[in-house]
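Worksheet for the structure shown next.
In order of appearance the chains are A, B, C and D, and numbering begins at 1 in each one.
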């Protein structure tokens, strides 16, 4: 693997130069007023990216997985009922975590490759006359399968049934890259991390809580201290932190959110969509299928690509890395060996995307897959050419 | 505050140039074999710094506070009895965490400034005929008061009473700077972080578990997922991580432990002692007292300095920062306003230490304290001069 | 232009991560012994890359252009006769410099795209019975046209005629990337810079002098002080510098030469050839011609590509930069507007090369050139696939 | 030597964090418009620091020594008469360079430690009825002796005699740190470098030319190409460079000048004076003398300190480096062994200055000099305390 090549794992992403420099700070006194000048805009910037003005946002030295734990331990108590859809590795892991924390999970199993079914959720909520279900869990973007679910539809289901359950959303691989609207969608806890749409090294869990979720924290009896948002809220109010803060990453987040907001979130999303469409054009030209079952499920941050039956997808990832020094994502969980993944999120250019597509192409030909060299690349090139024209026409 | 000045808070420390560069890495594929080449030596190096060969070491994207939670949630169950000494802010916070996690804490209150009394611990253990106490908690170095406790003595007390309680030690501000011997002292869980003796940015909890502590994890019923060392152990065995690892910091830890071991831990400790003695010589020349009650309690990583009655110690910290751009530590908890702290750990030179001492001196004179300009500096200079002579004589 | 994209100008090159970190140094005392620990291995390493043991190597805070001036001012006197071939912008500029320094230049004009004619040189030398010609100037690799000349043949011509003229070679865009043998080829002054094969930022002229060239310095009457190698030699002998040295770049050169030598110069050259052949396969698939007239002239560090008559080549460079953020080289001098250039030197991978090729392809299609999208990319992919196979077979 | 210690050589200086990051750039296409966005503000910023609006400013990849050569070769012809004062190593080297370039130098020898005598200059100019002297050379700040000369007085002498000679000033170790007024003082060529007041790594010669000096370039017959400002002017006018530009350093200069101008030049000068006065207070408390003969000659960027007769000043520099890892400047030239130097320019704080003073103090006591530990430090502390009070009072 050459660190000069761009990376195509579905996060952590390629880190922009300026963000690397923002993170790489000398030690400052985190109890001085300097710290507030970093923490405050980092929080405020992240709120804007989460699209919440009503909610409160917390940043912990942790990861997205920690973010899930923050979500459940601050709101729930042992035995609480949770309704969750499993349609991939990350939704499944969150469900496992709930169970390990003694929550009572009703699981809706969807095919890996399918999205959350708002209908199935709605049916179960409607049947829950006594409102025993406290929380609905949803993974906005299943990184394992490259599947985006419709959170707005889920909100409509909650509303339709007038069910008071809270809505927790894993937006780890969507927020900052794909449209996400915490307030508008009525998300009660939204979870993200530093290393995807925010283009930073891993090390931060970024979590938004709605007013209702905050209220619920007072009665939550799952033990937590490190992840307790009450301590965090108290310290943050004084521009402080309940323990040693990861100052460099926070400084990175401050700049990252400035960059995203300056570009304009809609432009950021459109850019991700454009690059993703190029990758999908290549996949289609290769005669391959996405793991995601239908176009409306296609993720703009990661594509999981099905290989022919009997072919081990991991070989592609291994060959690309060993022969060409380029990293793609393996399939994980139920689709291990059946898909390989191209991450296309963060600060990615056409030129970088094309180097990934062309390398995947070489690799598959090396391994005897029936691919025409250049075919996928040409399809992506054509998409990039035409879409950049239209981008420039629009801008003009 | 000028980022060009060295920093004198008791951690995070001044980060050596090479460690900043080691942490500031481009993204690599953490599922490739490259990751094991970072993780494995980081773990092995940290084990040597902890002085454990029998134990297992885990690194989490968290902080020392997270390390405490790792210690208790992996070993204990609600209602378990813990015996702990409170002699400062950090021992107190750990006790609070235990209580919030529904543990039953027997607290031995010592004066802030005093150390752990092995005698008092021994008496309580001896009285606990039915061995109801599961764990003894100890803070090796109380960062709030600059007090080092004698962990070897604590082990002797446990042994003398043949009490089977496990021994958990907070070594956050001692390990890597002061003598610490996990195996020899029979420490069952040892907790540290990246940002003190390891001279890195914050973001890692580094935790050692003895065989007995590991065994206990199977029956521990405190819920945990993010902090579960069983998941971590399983992933680490395959050179992996249960979630996105903080690769840059791990790479920093790899190099940091190499640096410490190459210098030789005894030399590292001697260096810290030498610098600390210089700071204490200055304090003494100022006619001031340490918060630590007796010389054997003096910490080699941080000095908490008592100010005259009625004088607000925070003024010193504020003035030094605002007028001279130099950061010292405020007093916290029970000694807030009564002490200020000089951190003297990590990669500190005589020249750096003297700049801190001279600045503290100016600041105190500015504030009307009866200090002679240059007096403390001269005392430290004399100590540095004579001790460096003897270092050089020894080396020759 | 996105700084995340690789760059395809014919130097400065993409700088490897480790070299950026080596250059980015805090200030050290350049009069202390630390400096010698940087300067000495930088010089020794560069000598190995120049393949000289007999010669002496000097490093100046300057550029390749400064290197030319070092070559002529240290050896020659006003009115001295120089024989030089002009076959591109850089050979021409060196000739101009000679004239501005009052040297008497006999210029052999070759077509831009052609190489140095050893035959023509030999003929002139043979006719110079009185050995009035003091120096033969040669540009090993004409960066403007992507033409490599045969320096060994030139040496044979000098030998055949028994002409005592010194041989000065501009190896700015060849040394460290293509085979260069200072001693074996009898090169008397060899000139390079930091920003090409050495993969560093610009700022260093690196110049080798043979024993004969050194001898000649004593009688050289062109005035020079900053560029005087006698002062440099005197200072270097004491591990010093005649003025403030560019310590960071020297530290980078130390590491850069270590990297090149560890990889093995032959492997470095083979790698450049492999990448260059991929680029040329693409050019051929586009149905385009190189500016270089014959295969034996093809440069492995830069390709100058002829565009159809009447088409302005600068448009390609502008469009690639503006639409896709990728930098290629424009044509300069006599071929301005007629060629565009792809630099393929330094630390370049297949994935990076493919991103450049694919981007050039998109750009040319955008501009209406009769290119099939993917065609050049596929040709390069095929070359990279097959050649990597053979590389791996050889290594196995 | 520890790279964590501040450095006290009289340049290169301690490089501020943000400037290191500005210099450490990935490669950009220096023929794209991006380059102009760096070059233009770098030039404009430097002009403001030079205080010239009438003049033109040029930046070369070189050093201050190269700057001298730029000055003379662009304006003068062999045999031209130059009047120069020698009062230290750097003025002497410039004179040597003139002679090596076949200029006819009339040298006024002043004692090392003395400044330029405007009276002696005036007398000679007055006697030069036929205006044979083309240029008067002056070193604004003699780095070897810590002596500042009065350039305004020199201009008055030129004016008084109505002599048309041009005035060339070496401002390498003054510009950006001490008051310098190119236009107001009628300086025709002003020379500086990147590594002193501009706080950057070495590698740039920064040179200002007045309209009269520019005019003179047309008739100057000293050969130059690399250093020819006509080529530079032509290229700069198109936002280009005549050869590969040192982009990172130029980007650093852009930011450095922004920093200096934002702080305000008067504040920058006052800060340097304040720190210098602190150092001088320490020297005085040590009972030692400056090499500079009179207070009006005292340099605010470097102090050369005389040691007792028979004592080798180099021992101080060696001991400080070897025992304490702190770098001071040795005496050079006529005062080698007789003085050691403390550089106090660039981005230096009180805390940093005190660490240097305290280390020098320890070192001198180690070596048996009759110094009281803490005495110099206390004197500097007192000065810093009082002067910061007055600074804050003024600001309030």
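In this section, a contact is a pair of C-beta atoms (placed from the backbone, for glycine too) under 8 Å apart; a residue touches a chain by one contact, two chains touch by 3 or more.
Because the structure is a prediction, the values reported are computed rather than measured.
Counting hops only between chains that touch, subunit B reaches subunit C in a minimum of 1.
The chains that touch both subunit C and subunit D are A, B. Distance from subunit A peaks, on a Cα-centroid basis, for D.
Per-chain CA centroids place subunit A at a distance of 46 Å from subunit C.
Centroids built from CA atoms put subunit D at 54 Å from subunit A. The centroid of the Cα atoms in subunit A and the matching centroid in subunit B are 35 Å apart. Contact of a single residue of subunit C with at least two other chains is seen at positions 3, 14, 17, 26. Taken together, the subunit D residues at the contact with subunit C in this complex read 1, 3, 7, 9, 11-15, 20, 23-32, 34, 61-66, 68-69, 73, 78, 96-97, 100-102, 193, 195, 201-203, 222-228, 242-249, 321, 327, 329-330.
Per the touch definition, subunit C reaches subunit A in the complex via residues 2-6, 14, 16-17, 323-326, 347-352, 354-356, 358-359, 361-362, 365-366, 372-375, 377-379, 381-382, 384-385, 388-389, 392.
Those residues of subunit A that touch subunit D in the shared complex are 17, 21, 26.
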